[in-house]
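The following pair of complexes shares a single chain, chain A, combined with chain B in the former and chain C in the latter.
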Partner chain A sequence: MELKMTLPLPHGGRLVDRVVTNPRAGKKMAASADAVYDIKPTLYNGMPVRNVYREIMSICYGFFSPCEGSMTKAELERILKERRLLSNWVFPYPMLFDISEEDLKKLKVQEGDRLLLRLKGQPFAVLDIEEIYQIDPKDLATRTFGTPQANPEVVKVAFDNKHPGYNIYSSYNRCVLAGKYTIVNEPKMRSPFDRFWYPPAKARAEFQRRGWNTVIAHQTRNVPHVGHEALMRNAAYIGDIKPCDGIIVNAIVGAKRIGDYPDETIVEAHEMVNIAGYVKPSRHLVTILLWDMRYGNPLESLLHAVARQNMGVSFHMWGRDHAALGPYYDTYAAQILWENGVPSFGFDKPPYAVDYGLLMRPQNMAEFWYCPKCTEVTYSENCNHDKERQRFSGSFIRSLLAEGVFPPAVIMRPEVYKTVVKWWKILGYPFNNKKYLAERENELEIDLADMKL
Partner chain B sequence: MNYLAVLLDAKRLADIQGTALEKKVTDMFGGAIKALIMEMPEEQTKKVLSAFPAARLDARFFLEEVPIAVKRAIFEEIKRAKSIEPKVIDAVMARADQLKEAVKKESEYLPVPEID
Partner chain C sequence: MELKMTLPLPHGGRLVDRVVTNPRAGKKMAASADAVYDIKPTLYNGMPVRNVYREIMSICYGFFSPCEGSMTKAELERILKERRLLSNWVFPYPMLFDISEEDLKKLKVQEGDRLLLRLKGQPFAVLDIEEIYQIDPKDLATRTFGTPQANPEVVKVAFDNKHPGYNIYSSYNRCVLAGKYTIVNEPKMRSPFDRFWYPPAKARAEFQRRGWNTVIAHQTRNVPHVGHEALMRNAAYIGDIKPCDGIIVNAIVGAKRIGDYPDETIVEAHEMVNIAGYVKPSRHLVTILLWDMRYGNPLESLLHAVARQNMGVSFHMWGRDHAALGPYYDTYAAQILWENGVPSFGFDKPPYAVDYGLLMRPQNMAEFWYCPKCTEVTYSENCNHDKERQRFSGSFIRSLLAEGVFPPAVIMRPEVYKTVVKWWKILGYPFNNKKYLAERENELEIDLADMKL
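Our next item is the complex of A and B:
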């Protein structure tokens, strides 16, 4: 009986690597394009809610292996019906390169052509067009997330324009160019994101360098409070013959909602947990994933599992309201998926038990709260002091910060709070506001070298 | 029933010292935070959420992320009425239009706290 574990294989068996690192080769590929298109953000009510460049980055650097590009019509249909790629591997979301009919007419491209995609005025990637087809964005949005009628196991309320993920898909352009992406101008990650950039191949190399064979992932879009820290530490007691060697925090970096914390604050606040020694730096690594959150709870958990398995992660903690927003999904939808499956989404068994599924062991966690009687942060399945307990609330903590209250150490580590204040000073505001979101959309997370064609 | 926590710093605690409100102060997180917890009927909650869309109801059924200007106004009304009854919120909502102006400025600027 073998109990010791090693890092899991990538999803699909091999890591996608579609980044040309030789500048001469990249330039040659860029110059061979039939047309040029400047990438535009997806807008909802005039605000950027998605930039397809993040999908291109995550695909080409292997986070979304085995997906290699914008999906064909047949693959899109299979995703929406069964959450499988045409190669049968589990995959939750449509990945599409959408453009307006007007732009398509101007480009005059057809199947078999190569389209050069420019970003920030520079060549960035090419798309080798296999198919051009049309979508109905509202239908795409509805079918992506499911409906109470079609997916009654987990969808409780019909999706509408109060849901940011629904707004992303319903704002897509009607024309889709399907085909593989290749990055031809290797990007340079901007500070402070550069030190958290661990594409799958680099993450695996780093895990091996650290001697990690078992790694658990913590999903975040938030500044950590003490409850998050307790969740991380305790979930990591799972492992093989000993607790997990490593804990990775994988922060989602991309377009977010007004009122959320800025990405810069999030990544550095998590890093501060290890710098200040609350979890040893040798056991804790903060990383990022470029992705505009869809807030798709069980479906988002699948995407997280794909990206993190590709990074070499074997375990994933799933909590209440995972990557969720509003009343649309069951509070425990992600845990339902990972415990029993959701047949209407194509999972008669959990994603780790189906053919072509994930090699990811779920760690479904209940809640951590502060108990004044226990005088510590306790697990809800241990502490029986229902009257005394105090639940952590991200909204409550944001209210504290906005009122200028230094949060007590039982809620937020002082070093973490000081990181929030550091970015508050730099950005002029503690949370995302219109100004910040517009500036971020201009700067994005990468810079590209000047490439003259 | 929903709730709204009005945080009490040293100045606010001094403001209610000696009044009946003192007995209503609740310890949160083992006494690390002191607050007045108001009960918020459903109808009033809806009114606040509709007037101030940044506010949200969290998993504890607490109304949070209520703009600072509104929170300040709530405390002023509490102090005036010496009460945490729903009429306090009615008084604040009567000033909603005026508060919206202050809230607008708040979405662009919040003073950075002075810390070491």
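Our next item is the complex of A and C:
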């Protein structure tokens, strides 16, 4: 039998690192570009729903290893059919640099050219164009998420414009520039995101510094209520010969929906769980992933697995409705994928058991609820008090907050609630509104140094 | 990577089954014996501390597979030196049929003879004598448990007659009859132990009937307080791709000490945890092992592992002071063994990693305490509230019970407490006293049919 576990290898064997940290080298590279393009957000109904800069960040810093850039047509086809890169490694989503026909005409770039991408008025990255091709955004959106006909194991309802991920893909521009990205102007993460920024190489170094051999990851896009906390802590009793050494929360930071919690609130509320001592700070680390949620449940779980295995994570908690929204996917689609595979997506076995798959192991969890008979937060596979149990409802808690009601401690830790209030005061609203979303799109999460070419 | 786990193979590859269930065949075998011997308890200071019948039961029903009987001198030496049977399989303790010199003289048996063992006046088992040899019981006791000089990794204080396991071995008779046991008169387990009697073959069938692929075991010799319950439930979040399907409690039933809870109370109190719905009955099974506790911490953990792997268990929770008593072993000796091995006991790697070792994996757990700040039972690796935490103390709870005080629900479930009271009324005392121990030794846990030879 194998002896003790250590941190898993990166997906694909090595971490992608496409960030030029030497300013002179970055400047030279930027100056060598054939054309310049200012990155624009993807809009849906006039609202920013995605900014490709987050994909460029996640790719160049290695979160999405072994993916190195915007995909060629052949690679896109392979992704949509088999959820694999041309190198065979499992990968769930298209990564595309899309541009309008008008912009392409203006740029006059061709295959073989280097395009300088500007952000917030500054040089940010270059894209070395390998291929220029056309896509049909609606078709892209449909094929990305699947259909009830083609993917009956997990897709229950055809995707449409009530699904925010569908809206992202169907709002792509029709032209794609394929090629590798290189960040030429090392960005500075803005506060408060800076202290949660653990790109894979840094995350692995931090895990090693802390002596962690086994780490479990938790996806979040929410302020933690006590049920989330129970899920996080209890899932971590999986491990090797003892419970996991470390627990990371990896918050998705990016374009969000109106009514969600602001990202600032989310990351600091999770951090408060360790500051307030509900999980020891030495065992708990809050981190972020720059990504505009696609709400793709099983597919999103694969993206999360790629990013987190690259960070050095050994286990991942999958619950019900993982990164899901609406009736499109089966409630347990992510667990189905990680228990049995989804053949129509290219997985006749779970992703940790297929060739070129992931090394990260699943921890498929059922539910937690508060039970007054058990007098505690209990697990659905334990508590047999069907009449007494009280489910945690995120919308109920949000409605309490909206009314300014201090939620009971059995629902939300008082320190976590105070963090919500802190950002409510700073931002002027407890939840995302149009103003916040517009400001966030303007500021993004990074600042770029003035780079005169 | 391996796909989904299934129940582990028995230790040594197949379950020992040395119970003759056909009454006619059993009678013939009994009648073929060369001599008859009435099993006597091992006494220390006049009190029964062990009855070899429990070893015969555990061996013949396969709990101790691949061990099949009383050990030869060569096998005993191998056990004491390397904790292995002559067949190489890991095994922690001597299994010996000891008899006094006077009794041996009276019996006039020789190597090659068959000895009929009687219990409660009835034929019970036969021992086919392969070897007759002498032991020095004090030396046996010392070498069984180890010494600070020879086993510095885990033995802190030399064993002496304040240790009940030491007293068991040092009270053995000087003559040993080695050979295989066969039960010839199938016993009937007495109430309430009968419904907890799951010999390995039956346990495996029950696990399969319930659809369990992963099972975690918990050792107990106590009535469960809320801390035990938390340990049991939380350890079970280990598993394969999801938390363990099943949780078994395996209570040690046998000779006990004055002041311990009666075995009847212990098994029914654990059962009450599922009846009262704190763990679903479909996920929880209380079982027993007939064994007179040796309190051998790391060595006892090996015996527990052998018995429970044979039952089909995949994981075992090891806590601090596992089956320990007094200052003899390191508090974490069992965890040391299951994390790194104990070379002086013959384990340069943990027992699941050595050749001919166990397949069962460890779940080494830290502590649980009640924390009023966390407002729940919390894990020592999570809760950072050093000032607020309140440890569970078994002796404190026993002192409450002795005073007739209903313990608070944060310490003991009311239903569990009522079970203690139920047996208190039946037996007339909440804890073992001399009268109870004498009656139990008289009745034992089984009845035997009248078998006229």
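We adopt the following convention: the second predicted complex is superposed on the first by the 452 of 453 C-alpha atoms of A that agree within 3 Å, B and C clash if a C-alpha of one lies under 4 Å from a C-alpha of the other, contacts with A are read in each partner's own complex, and residues count from 1 in each chain.
The definition used in the following text is that a residue touches a chain if its C-beta (ideal position, glycine included) is under 8 Å from a C-beta of that chain, and two chains touch if they have at least 3 such contacts.
This is a predicted model, so every value here is computed, not measured.
Novice: Between chain B and chain C, whom does A:Val405 touch in the aligned arrangement: first, second, both, or neither?
Specialist: First partner only, chain B.
Novice: In the overlay, answer first, second, both or neither for which of chain B and chain C A:Thr375 touches.
Specialist: Both partners.
Novice: Regarding the shared-chain residue A:Val49, is it in contact with chain B (first), chain C (second), both, or neither?
Specialist: Neither chain B nor chain C is touched by A:Val49.
Novice: By residue count, which of the two partners contacts chain A more extensively, chain B or chain C?
Specialist: C
Novice: Between chain B (first) and chain C (second), which does A:Leu85 come into contact with in this model arrangement: first, second, both, or neither?
Specialist: Touch partners of A:Leu85: none, neither chain B nor chain C.
Novice: Mind working out whether A:Ile238 is in touch with chain B, chain C, both or neither, as first, second, both or neither?
Specialist: A:Ile238 sits against chain C, while chain B stays out of touch.
Novice: Quick check on the superposed pair: does A:Gln390 touch chain B, chain C, both, or neither? Answer first, second, both or neither.
Specialist: After superposing on A, A:Gln390 lies in contact with chain B but is clear of chain C.
Novice: Please work out whether A:Met365 is in contact with chain B alone, chain C alone, both, or neither, and reply first, second, both or neither.
Specialist: A:Met365 contacts chain C only, not chain B.
Novice: With the two complexes superposed on chain A, say which partner A:Gly259 touches: chain B (first), chain C (second), both, or neither.
Specialist: first
Novice: Between chain B and chain C, which residues of chain A are contacted by each of them?
Specialist: 375, 409-410
Novice: Okay, in this complex, where on chain A does chain B touch?
Specialist: By the definition above, chain A touches chain B via 258-259, 320-321, 370, 372, 375, 390-391, 393-396, 398-400, 402-406, 408-411, 417-418, 421, 424-425, 428-430, 433-435.
Novice: Name, in rising order, each residue of chain B that touches chain A in their complex.
Specialist: Result: residues 5, 7, 9, 27-33, 54, 56, 58-60, 62, 64-66, 68, 71, 107-113, 115 of chain B touch chain A.
Novice: Could you list, by residue number, the parts of chain C that touch chain A in their complex?
Specialist: Per the stated touch rule, the residues are 1, 3, 233-239, 241-243, 274, 277-281, 283, 335, 338-339, 349-350, 352-353, 357, 359, 361-366, 373-379, 381-385, 409-410.
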